[in-house]
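What follows is a set of structures for review.
Shared between the two complexes below is subunit A, which pairs with subunit B and subunit C, respectively.
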Partner chain A sequence: MAYLSVWTLTERVISIVFWGIVKLIFWPPIYQFVIIPGLAAAMVVVISIIWFERKAAARVQMRYGPWEVSPRLAGYLQLFADLIRYSFQEIIIPRTVDLMPFLTSPLFALLLSILPLAVIPVSPVKWTWPLTPSAMRYSVLIAAALTTLSPIFIVAMGWASNNRFATIGSMRETFLITAYELSAVIGLFSVVATVHSFDFTKVVAFQGGGKWLGLINPLALLATFIATLISTSAFPFEISDAENEIVAGPFTEYSGLMYGINMGSAYIKRWAMSILIALAFLGGWRPYIPPPNAGYVTGYLIPSLIVTAKAVIVMALMSFLRAVYGRYRIDQALHVSWKYVFALAIAGFGLAILEGYIL
Partner chain B sequence: MQAGEVPKINMSSWEVGESRYLPGMEIKRLGKERFVVYIGPQHPGSGHMRIIIKVDGDVIVEADPDLGYVHRTMEKLSEGRAFIKIIPLVERMAILDACNVTLPYVEAVEKLLGLEPPERAKYLRVALCEINRIASHLYGFGIFGVFLGHSTMYMWGFGDREVLVELAEKLTGARLTHTYPIFGGVRRDAPQNFTDNLRKAIRYLRKRLDEYRKIFLDNPVIRRRLEGVGIVPKKVAVDLGLVGPNLRASGVEYDVRAIEPYEAYDELDFEIPVFEEGDSLARAWVRVEEIKQSLRILEQIADKLDKTKGQQIMHDRFWAKAPPLYKKVFEAEGRVKLMPLFAILRVPKGRSFARTEAARGEITYYVESDGKDKPYRVRIVSPSFRNAIMFKYVIPGHRIADLPAIYGSFDYFPPEADR
Partner chain C sequence: MPAKFVHKKTPKIGVLGAISRNASALVLGLKYFFEPNRFTLMYPREYIVLDKRYRGFIVLNKNKCIGCESCARVCPTGAMKMIKIEVPDPKNPGKKKIAKYPTINHQRCVYCGFCVDICPTEALYHVPVHDVVYFNLADMIQDLESFQKEPVSPAAAEGAIPVKYVFDPERGLVKVRVKEGEKK
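Let's turn to the complex of A and B:
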């Protein structure tokens, strides 16, 4: 080889850069935390779900809903317009707040609500797992533990705001945490009892051939679903930020982008929980089995999109309830969650143990 | 200053009796773990008023309604205006209930003038009164719905109210501030196809009321929020002097339309719905039943309007003095142009009193004239003002989340209370 052609060199550089970018994109921590099903997908899904929520409610309520911003897309761009408006709005920080927790807790709440997505598998192919195979054995446990972290920061927000409505709101949130967390975790762990493994990949593998855990154990699915509704303050459990009672609850003093983050983090938590539900109860990527030696697309992109699609359906169902129900009072919600949802979760767990013994 | 420290203010010069402070400016030390929360006046669940509540945990131990944020000195302004100009002023109290709140004023002045409106004018007045009543109840339901987080009820209430607002527009020419009843009659005759539209609207609303029941009143979440909340026993309701649907929900059969019929109500066949429970749910149901009765009244009014077609809508005493052009306009367009003599109308010396049943309860007017073109005194007692007292007695003992459920069920309307 006398000399290296300039063109060949360029080609090589381009190919190295291109494949480097592809590798970076499909590097599991980046791909799952930032792209699908992480931040980027969550953003698109949340915006679409809010749009769907508003459109569906509008249909029930004899009106158009979002329309004016982009009539051809049925007002879809309205949400992006809102997002831009939120990002450029002035952030007013009252003098009486506890500055450090006031500023940081929204960010922590947002990050922690999306963190479970960084430890779950969205494909059976080994190299796509964000954790090492030995840590993957406990992925259900780790994901469930991570979902329980974000509410603490909502309580911190209310306390740091130094506002009475915010204090009452975070007090309500505290009561609700104790009420839903146990049901949600027990509901999720019922799949562990059936499958005899804390490994999400084994949980999904178990659900092959249409044997979805949500179908054979609907009690646990229902308990997890309702607990998720309570935890993300969806109707009829929109209690800790009930507008007509306590303005915006823990978020009363927040404005501009900070308020947008707070509103978004509830939806993003709902999204993370929907992904967990899709994996644990609705078969995950299951109708699809990647071929051996699967590449980026067949081994990672397609299964993650299947999981995403299932989670979107779960989330749309959660959002539709807005048009039908009012909101419960705090004591009634606690009554519902301790007396019925918790009992449902325990019954689901018992059923799961029984099924784990039989199947 | 440290938290919880009582500020030392030298107020010795203000000492009145026991209290060291001006009334309303007392500084009190609260009990441990108690909280004062100001609900309003800029609060999504308060309207133009403030309720100062003291909470022990989540339970309200004391509630203090603070009115007057939208006081517009209507009584005082009335003393400087010609009699006819007071009608558009006082209807700003409750623009969605405009006919009901101005009618007693018109009646009181008519009593002083000693005249009685013609038959058709009475039917037209009753028609607009009932249209307003339904619209006002639907508005109340909308607000009630959004207080409980039920956005569908909010949109439905406001959407269906549009039917009635448009009906009122066809009848009077204005969507809200109609200024329809004037001394001696009404301002306009009903248009050609008014009764057909009215019957169509009645059919539509009957259908819708059933859907309201399904989505709102029989909704399990809403029922749990309302049942047994904000109970006003019969005796308390009477002692506090509640009026209107709130009183009837506590088992007292009291409706000015029935006990002292005005206009054409004595010719009409309707019932007074009464509920015994006295809770928020009963107050919601009473309004639904009242809408049904109002539809019944409107049906009869539609027949009567068809029967009296083409008859006079203005009292002879004014009509006789009207220029020929006005009579031509009336024959062509069914519209009584406001005659110049109203602007210089002198009302004979005397005092009079009139009351009607507005959508939120009994409204009373006392009008005193000293023989000039302006009244000497106009005194208004509005139903919301009479209902406001119950906030103090009904809310304590409930949770903060019950506050909107109670507030909304009383259909309290601050502009009407503050006048």
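Let's turn to the complex of A and C:
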């Protein structure tokens, strides 16, 4: 009798601990911010995308790219080697910098570029939403507002570095912020005009049956795509940290892990924007509809993986442009963004209003 | 007459031209992405089979050398130096005479080939090998014995794949594997 009760007690303790861990993992703030669209997935995706970017550029430019470190994995471990090297390098802080902004702004930039992932839904099931349903009604608005916060810290980095290259880089960044911000937000909000709702879940629900907003309103998708390229300094617009003009732009004075964070935060912002594009234009989790009373796997894991896969495809497309394009000058980029991308965004918004009236 | 200032403008291509050019660039990129034409030489595993006339390492054929010192005189970097050694005299059997032979210092040599060109008896010649490695500087100063040995490429000695770059009218420069018979 005593033996039996001890056994059942341990069994119960083990089950409580196990289900406690599962509940903690699938608690929306933890799951959303730390695990699947958030930090852990972003880390894996960013490393894989940088690898893909280098391999794709190498294939187009008649080279092999990273290969020697692990020939059987086509050089995939090279990125992990780089990461380890960055994390063990000495962090040199020059005497002339403004210390507090210099140290804190990379962390704020990283944090704010991943913050939009904490307010978006990755599943239609109600208990998985990271916000309350009343706040979820404004999730497109909140996510778009949060994406616009991180560039100010890049400008702060350049100013705090007290270096001429950093100053030029952050000046270029300010020019580009003013150029792309409006197009990105208008492009993203054209979705709202079609669906008549700021709710991401309703936006995704609207896109059922192959009626993807990216297909019925390609202008807004293209405008948002190009604005994302400009905002994350992807290749045709890699202007604010142009390697061969101004050493590393706003990141010139950073070294070691701090530089790694700076380089990663641009990719992580691209990841967050790709998730937003996948939700707003590419149907989100849509081919999959979770069953009623869905559990952790069917209600949360599978839809989030579908969103992740779509976002990875968007991000791979963005990375492929490195292979094809050269770098625009700052005046060319401003010309493109004000004269064409902004007009494209406005046209997309007009089309969205028309579709909202018809559909 | 002073030079005249001309303001040159880039030709305007318009929106449609820009779209078509961007699209064609992307299509070309995708074409190379799916059918890559890579010609990186994976050196320790592959090596280029060089042409017979390649100005590689210089080797002495001692039997042809007459000790005229032309090579040492023409050498622009002073890499070639004459040394005197005692050899058996062919005219007086049993006696010895002093003869001059060139030696080379590979620290100084720039492989210009002037010594090979000027040699009246073709005693010096190039070998199509360029990737010999020395582990210390003293080894680079050759004596008469080592100057007569033809160096071997270490990559070829370790069984690397011989390759060759040829021009293909459709694909441009391509890397081709050289078969054993073609090598010469």
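Everything that follows uses one rule, which is that the second predicted complex is superposed on the first by the 355 of 359 C-alpha atoms of A that agree within 3 Å, B and C clash if a C-alpha of one lies under 4 Å from a C-alpha of the other, contacts with A are read in each partner's own complex, and residues count from 1 in each chain.
Everything that follows uses one rule, which is that contacts are C-beta pairs under 8 Å (C-beta built on N, C-alpha and C of every residue); 3 or more make two chains touch, one makes a residue touch a chain.
Bear in mind the structure is a predicted one, so any value in this text is a computation, not a measurement.
K.L.:
Which term applies to subunit B and subunit C once both are placed on subunit A by superposition, clash or fit?
P.N.:
On the superposed model, which is not a single observed complex, subunit B and subunit C clash.
K.L.:
Does subunit A have more residues touched by subunit B or by subunit C?
P.N.:
B
K.L.:
Let me test your reading of the model: by the given contact rule, A:90 touches which partner, first (subunit B), second (subunit C), both or neither?
P.N.:
The answer is neither, since A:90 touches no partner chain.
K.L.:
Quick check for you: in the superposed arrangement, does A:56 touch first (subunit B), second (subunit C), both or neither?
P.N.:
After superposition on chain A, A:56 lies in contact with subunit C alone.
K.L.:
Does subunit B (first) or subunit C (second) touch A:340, or do both, or does neither?
P.N.:
So A:340 only meets subunit C here.
K.L.:
Considering only touches as defined above, state whether A:245 meets subunit B (first), subunit C (second), both or neither.
P.N.:
first
K.L.:
Between subunit B (first) and subunit C (second), which does A:325 come into contact with in this model arrangement: first, second, both, or neither?
P.N.:
Touch status of A:325: both partners.
K.L.:
After the superposition on A, what does A:168 contact: first (subunit B), second (subunit C), both or neither?
P.N.:
Once the two structures are laid over each other on A, A:168 reaches subunit B alone.
K.L.:
For A:64 in the superposed arrangement: first (subunit B), second (subunit C), both or neither?
P.N.:
It touches subunit C, and subunit B stays clear.
K.L.:
So which bit of subunit C gets in the way of subunit B here: 26-34, 80-88 or 116-124?
P.N.:
The segment of subunit C occupying space taken by subunit B is 116-124.
K.L.:
Under the contact rule defined above, give the subunit A residues that sit at the interface with subunit B and also at the interface with subunit C.
P.N.:
60-63, 323-325
K.L.:
Would you mind writing out the residues of subunit A in touch with subunit B in their complex?
P.N.:
Answer in residue numbers: 57, 60-63, 164-165, 167-168, 171-172, 235-236, 238-239, 242-247, 322-332.
K.L.:
Can you check the complex and tell me which residues of subunit A touch subunit C?
P.N.:
That would be residues 56, 58-64, 320, 323-325, 340 of subunit A.
K.L.:
Considering only the defined contacts, which subunit C positions touch subunit A in the complex?
P.N.:
15, 25-26, 28-29, 32-33, 36-40, 42
K.L.:
Could you please specify the touching residues of subunit B with respect to subunit A in the complex?
P.N.:
35-37, 43-45, 55, 58, 145-156, 159, 215, 219, 221-222, 224-225, 399-404
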